[in-house]
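Across the two complexes that follow, subunit A remains constant while its partner is subunit B and subsequently subunit C.
After this line comes the complex of A and B, so read on.
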């Protein structure tokens, strides 16, 4: 079977809160819309459902209920969905190549909406690569979708709202949390309070989480971070924790403590996913408070590349509630640009949505600021820490390349192989650039890894699919 | 450890990792089922040979690569099924 290009007015990449709303909004305006996601069901990470084989015997939580409503809305819409499809290539003529359970599939479209969300940032320390150490976002998936605890005893570390959310879920699930290690100080939380009050319901939720953790007797170590993790007896992990300063650097003169646990959960905030916008050479800007590099946008959703649109946290950490509105904004704007709405109708529809988006992102951005990485934090990454996990590149090797004159991350990549492995620098990119920026003075000067396909590892067999030789069209030979 | 409060999982199944039997339930991913069974070590890194396991659980980091039917797949994106044979994702040693 030789695959052909499928046509759609709009392609949406990522079926999280922003992607679902963008797709449904565009479809409701009469556009043909295709929504593609790697996962088996819609919801993204934040509204990720349980596997369909699991059944609840109690009422859904608030987040689960929102996810269920979103999925129902999508199901009732005219959007064509392609789950379990991995997008491995996107080109500037708005062509998308994916592989799925039925082989390769290609689309061309008039508008491409990138709603790919975020990846998690983890500031490296010796031992972060050990089995048994997982990301904070990973822990939320483990807990809410797979319904498992990371271990009998878990240490939860990093920063942001996920810390207490994960620790409270572990306690609720019957696990023991040895400690919550929060890089943010109590003062940093207090500074975010004016915005946090904008969502009293979420603030109250957070307070309930903290109460639950404290009732379980779990210490919350504020302004502290993991210094290193070493393997301990019986497959356990020995975690050394030390206080940090306001830039979240380890205070080496302060007393450390060692805690032995079964599993460690660690995350230092979220980084917008820019692999697709970088691959399409959209213009980007560095905004620390929004998580890092983001595609520049006009009217919130149009990128610098014709036909390429942005929705949700992929263009700046603003939270799930804001992503829902941002998705709708993207859907309406694409509808206008593709001629389904005249200017009056567009303005009338877009204004209230924009207002709600601004309101919702207040809370999300306050959380974003708590999760943003102070530029000096990476000073604490020790020489022997593996920074690039795929290629095992240590801080020492990165420093050696910088000493030899590497001044831009793509040079560092070429010299050390950091960011060259199968994850394409998604895990280390933000950290490597921050380390280099200590020398170059700014993240702008340090740059970002050039985006290139394949965006995810794929085999040639997956790309070509299965076919008969007789199916291959052979062009007429040129006259001699 | 599984949280079984107010929950009914899928059918119990048996799969193998490096030839050893493991119990799991339909709906679970290979990575999570092994992690839960106390087997978080899925492969060794190609350069230093250091032990690795699942990390991001969302198909981004590529750390949980395992081998199924001679193909490299992400354990976190692969559901367990009865009789599935999974092997470590360790690359062939460069010195072989």
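After this line comes the complex of A and C, so read on.
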């Protein structure tokens, strides 16, 4: 045997805000808990720490401070943590296989909590695959963890609050932001205001970001989007920007402008991670305002599959602040389901947490709505734009398959290879389905890519470890 | 609903995998008015998710003549079907790493040679010339020139093209809920396409042939195998043959796009009743260890995707192709071992039989299994 069999009451996948709180809450109830994350430290995307070799020279930002508190709480708890472990397989009897620095390893558990957050959405345009064009989320990793600028001069585009957060961080780090290009209109922002006021602190932070960007002289182009990016002289990028309508489609009759920069940071909102819940054949529903397909849940984090729970933005974009509470909710519910709490104790503990969660998600969901993709937005994806980056499948090839009769995304995948690369459609799945839905009439009819292992690409060497031929349990011969 | 122009179909084929599609295609080519019905989409079950191996090594010995004919059909699909599945001709090697496997390899090669497969036994040195990437621990290999692979996921797209050209009417996402006989016709009740009338029916449902035969009160047990498949991301060329091991539990090949497919029939969990499948991690690891042992350069390759497909096996592991016992003008085609390899030809011979022609090769009477 090369793998070691570990048993745990609870396995938590993802050490972001929801995962940490779920793990710590469950451990505090006396359950044995294992927390697994691909990163070297806890925090997730929003509370991502700097590498441990780095030291802070400035005062901690709010997010950094919360992250530090979270990591401290985890350290003091009885949770077993496995960082730098990549989970590649999960089964319905709740076995989890991972590879880490010490080789392959697997666990079996009674409750599996999926707290894997979200994936970034990019609505493709010609040139989005060029070097120097990165995602908003990637930019936050550079800025938060490595304190590194994407380029000397950067254009920040897409939609939602992350735009201003990233642009302000670039300015703060001494970089120049050529423009912030926001597909959301001023009116869309105004419509979100009643909910945004529910968190005056976060709203104030946003206002400060905008002020910082404006002081730096950066124009904010509302209701606009990138039409295309072309390589320019001296490794620079020439970005064509054009106004969009209320469905975020390019208005071809409107005047475009060209901006030359070193780097482009682009993101069109977030899509809940469903790779694990799809792989385990949980029931899903499509909720555009929550980011797309989400695993159906009973509002107390239970999915339709026995023993499978969800915490945080994996069940719909609600923001990091809400994810903290949702994680606690997950820890309590699992504690109750595994017999560590009686019904009275559970109710007494869960109600105040639920209340806080609802309060916190108001703000997060308003942000989520600003980031949600209008169904017609993909009409603007041009024929030559690469939709699936792993396999270089263009919009034109996808349309050709639809014209030949493909009516479901898995069929489209088989006919064109879109979604067959190493990312397994995490990047293009939402876009491909939206393009097909223009024909089928709904995202439900278009379907979603069937969840398949491995959850992340891992090498044969990592999975198989060290062995001899005689160690291979070869089954009996096929009939002659 | 009858057919688009109000007539009765000459034949309705139920089940749109390779066997069903090929049957429908050849019936239409023979002048019949044909409908093909599937509860899902064309070739999206075993026919679209198998390893695509077009080999004689793993074909049951007595099916070798059929597989040779089908191999030619796959290689020339662009001509007769109008669209292809990237069928690629490459030599096939079966490998032995232990003395016991050497014996098995010789026996299995001899059995297939008797049925016309030109399989030669190679020394390790000869095998390395054919396949330089092999593990140096190799003892012996069997080699057949008639081998290769197809890209199975393109099967549905190719057959859709061919069937449309033959004016076969395609009813997808239309599960059959009942079949009645009325005035000498079959009345096929579907969930989404209404009622279809046909003079003949062909059952071509792969592992689902057992419940299909039960519609007519015929009971033939068909076992469901749940095969696991693994594909890597695109990597540099690390092999140029199609490989298996002596007992048949590996299929390994690298496609033109650089991805490497690893299969061989390692079992997962699943059943045909709800069509749910799940990989067994230990069996994935075993299959991967075997592949990496055979071609050590695979170590660096990353796994891109794992999936499963259902394969049918009758009590004698031979196909059922012929008349449904006791039911006039009802036919069945399917449940062939390595059915993808021989599929197009099996469809052709049942079509010849239905058209009243002499099949190019003998059918496989289902009545033997009653």
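Criterion: the second predicted complex is superposed on the first by the 463 of 480 C-alpha atoms of A that agree within 3 Å, B and C clash if a C-alpha of one lies under 4 Å from a C-alpha of the other, contacts with A are read in each partner's own complex, and residues count from 1 in each chain.
Heads up, the rule we're going with is that a residue touches a chain if its C-beta (ideal position, glycine included) is under 8 Å from a C-beta of that chain, and two chains touch if they have at least 3 such contacts.
The shown structure was predicted, so the numbers you read here are calculated from the model rather than taken from an experiment.
Engineer: Just to be sure I read the superposition right, which of the two partners does A:421 touch: subunit B = first, subunit C = second, or both, or neither?
Structural biologist: both
Engineer: For A:88, decide between first (touching subunit B), second (touching subunit C), both and neither.
Structural biologist: A:88 contacts subunit C only, not subunit B.
Engineer: With both complexes superposed on chain A, which partner does A:475 reach: first (subunit B), second (subunit C), both or neither?
Structural biologist: After superposition on chain A, A:475 lies in contact with subunit C alone.
Engineer: Thinking of the overlay built on chain A, is A:152 touched by subunit B (first), by subunit C (second), by both, or by neither?
Structural biologist: A:152 sits against subunit B, while subunit C stays out of touch.
Engineer: Based on the superposed arrangement, let me know which partner A:204 touches: subunit B (first), subunit C (second), both, or neither?
Structural biologist: neither
Engineer: So, does A:97 touch the first partner subunit B, the second partner subunit C, both, or neither?
Structural biologist: So A:97 only meets subunit C here.
Engineer: Name the contact category of A:45: first (subunit B only), second (subunit C only), both, or neither.
Structural biologist: A:45 contacts subunit B only, not subunit C.
Engineer: If we overlay the two complexes on their shared chain A, which of subunit B and subunit C does A:457 touch? Say first, second, both or neither.
Structural biologist: After superposing on A, A:457 lies in contact with both subunit B and subunit C.
Engineer: Check whether A:404 is in contact with subunit B, with subunit C, with both or with neither, and answer first, second, both or neither.
Structural biologist: Only subunit C; A:404 stays clear of subunit B.
Engineer: Please identify the positions on subunit A that touch both subunit B and subunit C, taking each partner from its own complex.
Structural biologist: In the superposed arrangement, which is not itself an observed complex, subunit A uses residues 390, 421-422, 457, 459 for both subunit B and subunit C.
Engineer: Which bits of subunit C are touching subunit A when the two form their complex?
Structural biologist: That would be residues 41, 44, 48, 58, 60-61, 97-98, 104, 107-108, 111, 137, 153-154, 156-157, 160-161, 172, 232-233, 245-249, 257, 265-267, 276, 278-282, 284-286, 288-293, 298-307, 317, 337 of subunit C.
Engineer: What part of subunit A is in contact with subunit B in the complex they form?
Structural biologist: Those in contact with subunit B are residues 38, 45, 50-58, 86, 119-120, 129-135, 137-138, 141-143, 146-152, 173-175, 235, 386, 389-392, 421-423, 426-427, 456-457, 459.
Engineer: Subunit C touches which residues of subunit A in the complex?
Structural biologist: Spelled out, the residues of subunit A in touch with subunit C are 3, 88-89, 91-92, 95, 97, 104, 106, 281, 390, 401, 404-405, 407-408, 410-411, 413-415, 417, 420-422, 424, 450, 452-454, 457-461, 463-464, 467, 469, 471-480.
Engineer: In their shared complex, at which residues does subunit B touch subunit A?
Structural biologist: Those in contact with subunit A are residues 1-11, 25-29, 32, 35-36, 38, 40-42, 45-48, 50-63, 65, 71-72, 77, 79.
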